[in-house]
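Here's the structure we're looking at; comments come further down.
For clarity, chains are labelled A, B, C, D, E, F, G, H, I, J, K and L in written order, and residue numbers in each chain start from 1.
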Amino acid sequence: MGDQKQEGCNMTGHVYKLVELVGSSDKGSDEAVRNAIEKAAQTLHHLDWFEVIETRGQLVNGQIAHWQVTLKVGFRVE
Amino acid sequence: MGDQKQEGCNMTGHVYKLVELVGSSDKGSDEAVRNAIEKAAQTLHHLDWFEVIETRGQLVNGQIAHWQVTLKVGFRVE
Amino acid sequence: MGDQKQEGCNMTGHVYKLVELVGSSDKGSDEAVRNAIEKAAQTLHHLDWFEVIETRGQLVNGQIAHWQVTLKVGFRVE
Amino acid sequence: MGDQKQEGCNMTGHVYKLVELVGSSDKGSDEAVRNAIEKAAQTLHHLDWFEVIETRGQLVNGQIAHWQVTLKVGFRVE
Amino acid sequence: MGDQKQEGCNMTGHVYKLVELVGSSDKGSDEAVRNAIEKAAQTLHHLDWFEVIETRGQLVNGQIAHWQVTLKVGFRVE
Amino acid sequence: MGDQKQEGCNMTGHVYKLVELVGSSDKGSDEAVRNAIEKAAQTLHHLDWFEVIETRGQLVNGQIAHWQVTLKVGFRVE
Amino acid sequence: MGDQKQEGCNMTGHVYKLVELVGSSDKGSDEAVRNAIEKAAQTLHHLDWFEVIETRGQLVNGQIAHWQVTLKVGFRVE
Amino acid sequence: MGDQKQEGCNMTGHVYKLVELVGSSDKGSDEAVRNAIEKAAQTLHHLDWFEVIETRGQLVNGQIAHWQVTLKVGFRVE
Amino acid sequence: MGDQKQEGCNMTGHVYKLVELVGSSDKGSDEAVRNAIEKAAQTLHHLDWFEVIETRGQLVNGQIAHWQVTLKVGFRVE
Amino acid sequence: MGDQKQEGCNMTGHVYKLVELVGSSDKGSDEAVRNAIEKAAQTLHHLDWFEVIETRGQLVNGQIAHWQVTLKVGFRVE
Amino acid sequence: MGDQKQEGCNMTGHVYKLVELVGSSDKGSDEAVRNAIEKAAQTLHHLDWFEVIETRGQLVNGQIAHWQVTLKVGFRVE
Amino acid sequence: MGDQKQEGCNMTGHVYKLVELVGSSDKGSDEAVRNAIEKAAQTLHHLDWFEVIETRGQLVNGQIAHWQVTLKVGFRVE
């Protein structure tokens, strides 16, 4: 599960930072998450996990124009 | 992000109303959202945004029979 | 909607139990839910509904390696 | 449990709406719920389920004058 | 509803205090609320309203021995 | 306090409805609440109380262009 | 109150487990709790306390057909 | 920020108490907070901080008659 | 567990009160809890249980100067 | 309302970041928000929206010395 | 951080279960967690992570008799 | 308490920023907090306070391998 750590993995003393992002997509909610991760990966290294905080969207002419997903992304601080 | 407003857009004094709906689908969670929006658009105008409140589903014979997503839909009151 | 019960359905006195599971998938969030349900159905009978509690994921090399969805599954206790 | 759907029940694509009400009673908390449902049933059809949101009450001369229960009522949109 | 104030009621500048209590009863949850209110009324004046925070209970020999309801009670400060 | 009811006020059996609105203002948060109430009063009678749910705002050129306050408004159902 | 422990009671090192159940009743909310406890007591020993998590119900023909109360039940693990 | 402590400030071992109050005002939400603080200061010493818990209000004739703000006030116990 | 009651314990009708405190310590979080309890015990009798609400702390020169733990303490009202 | 997007606005694929700030003011809560926004605007571009998270304040001599408002500010990541 | 997964770890399709436990200790809060884990490890395999849900305690003679920590423990279902 | 401000402290107009971190330790929960603070202090100045958000841990061979504490750290923005 999302938090387990296999035996043999050494992480004592590691420190992680969380940043909160909003990704958008006109395809769907999962795609909005992927877009945010992709953008984060351009400037941050050691990305480790994400958590979805909120799912919203904009409506235009009675249809979903953009899915907007707020997520937190955790990465190891060196 | 989901709430921004481009410069030049005039919304001072606007009032919006939120209604809470549950959409269902046997396809997936995004489709359940779309079904709720589509139904709302039949009677409400000026739909502006939605927020997902809860995702549930019904199980029949050990499989997902229906995805059921509760959402709030906001629209401008004229 | 997720909670309704058609007339004629007799459930007075029924008791249900909720178990909390985490399903994972490299495809997407809905698939992670389906994987958890499928596993639960192998040992539990009378599965009735599920509720999504949390959506997370693991990142490897700047991409989503696994979607991990925590859900509660309700089933009737005989 | 409250959300299950017996096999054979066809609800794909159904959309439900939730309204938030406050019922009051000088008898007790359950009676306040019943009063709200009774009132809702006078104008809404296809009532399907309710959820208790909050229980409060007014005190007069050191005794409970009114139980006040906030609930959401879900009904199918035709 | 629990919060309304009839026209003509003068409360500007009033200040209220909230105390958190737990009432118990072997009869039921409403009775536990009444017991807490009755006790509070012995030492506090101007009791105005209550809000239920939590409902719990103790089990002995597989049965409910005591219902325990946590509530907040508001009263006017003179 | 917001919930008290003076002795002599008869509300047994009354039922109230809550609607969720978003008011906006370029002045401040309180003004956004007032704008929403003013709009609600044009079509609803017996407005009794409101509760602030969320305070947000839009930024343009590094300044607050609009305060946006989500609130619930309760009114008596006749 | 629900958490006190008389002096002289030895519980150091005890471990308890919580299970989440939903009881139903056509009588009222307290009865739904009692039905869930009664069922739990058939298979679990050392039941110690419960906590109400959620109160819902099903509506049929504009009336409450079933009260459904979700609760957690704690019992000592031997 | 609300929690910082300048170097040199000695507070080890200090204990603080929190009381929950509701202030009201017909002017606005900030004024309701000030009224509650002013009243608390008449009987409590060493008031140190407050936290806003809830903002509500009463409506009369379609206008805000009273803003009612629930807050917690912390003070040092000697 | 925190809520169990041994058979033979008579608590029917008992009423408990909860007070919210903040304890501080330069040693650690548990010590901050103990300091708050110790202070409360100087003026309150029949202390029965506590619940941790929040853990914070003050930083001075990049180190933890004080752990500050907010807790609720319940005691029986005679 | 805070989330709407006029037709013709192109935001697909945009990613936003949220930062959490605390603004302070001796004037009032709205002013504390404005101070935080003003500071943020000195180093961040494309500020789009804010959300109020918490309102607190410091008390000195029984009066409000500083309003302290925690808010999240969203801005577009280029 | 608690959720990361090193590259090369294969967990696709894995399903995890969460159980909720309460550990107690007269030493401190961390020891109560360890006691619950130790007990869980006697009957469950593939324990992977835990999350602290609540920290409480019992007071006897004005001192902490038992720390009681509620936690969820996740383990892989084979 | 965590929020008080001694008289004479001048903080009007100050703005603070909050960052969210996860510290880990194989010793205990307090040590995980200290590790995160120590790391933060290497790059951030004017650290003022922290708040614990979540406590989790990883289990290996039925024992706690790492405590992982998520916290927010506030520091003054110059």
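In the analysis below, contacts are C-beta pairs under 8 Å (C-beta built on N, C-alpha and C of every residue); 3 or more make two chains touch, one makes a residue touch a chain.
Protein names from UniProt, one per chain: A, B, C, D, E, F, G, H, I, J, K, L = Dodecin domain-containing protein.
Fair warning: this is a prediction, and the values are worked out from it, not measured in the lab.
Peer 1: Please state, in steps, how far chain L lies from chain I along the shortest route of touching chains.
Peer 2: The distance in steps between these two chains is 1.
Peer 1: Could you work out which chain's C-alpha centre is the most distant one from the centre of chain B?
Peer 2: It is I whose centre lies farthest from that of chain B.
Peer 1: I need the pair from B-F, I-L or E-I whose contacts repeat those of H-J. Over half of the residue-number contact pairs should coincide.
Peer 2: Match found for H-J within B-F, I-L or E-I: I-L.
Peer 1: Fitting on CA atoms only, what is the rotation between the copies chain D and chain L? Please report it in degrees, nearest 5.
Peer 2: The two chains, chain D and chain L, differ by a rotation of 180 degrees.
Peer 1: Distance-wise, how many Å sit between the C-alpha centres of chain A and chain J, to the nearest whole number?
Peer 2: 22
Peer 1: Taking the mean of the CA coordinates per chain, how far is chain D from chain H in Å?
Peer 2: The computed centroid separation for chain D versus chain H comes out at 34 Å.
Peer 1: Starting from the mean Cα coordinates of chain B and chain I, work out the distance between those two points in Å.
Peer 2: Centres of chain B and chain I (C-alpha means) sit 43 Å apart.
Peer 1: Taking each chain's centre as its mean C-alpha position, how far apart are chain C and chain D in Å?
Peer 2: Whole-Å distance between the two chain centres: 26.
Peer 1: Chain D: which residues touch two or more other chains?
Peer 2: Those would be 1-5, 11, 14, 16, 19-20, 22, 24, 29-30, 40, 48-49, 51, 56, 58-59, 66, 74.
Peer 1: Show me the residue ranges of chain A that touch chain L in the complex, using the header's touch definition.
Peer 2: Checking each residue of chain A against chain L gives 3-5, 7, 11-20, 72, 74, 77.
Peer 1: Write out the stretch or stretches of chain I touching chain H in their complex.
Peer 2: Listed in rising order, the residues are 19-26, 35-36, 39-40, 56, 58-61, 65-66, 70.
Peer 1: Can you tell me which positions in chain I touch chain L when the two form their complex?
Peer 2: 22, 24, 28-30, 54-59, 62-64, 66-68
Peer 1: Give every residue of chain I touching chain K within the complex, in rising order.
Peer 2: Touch residues, chain I against chain K: 1-2, 29-30, 33-34, 37-38, 40-41, 47-52, 73.
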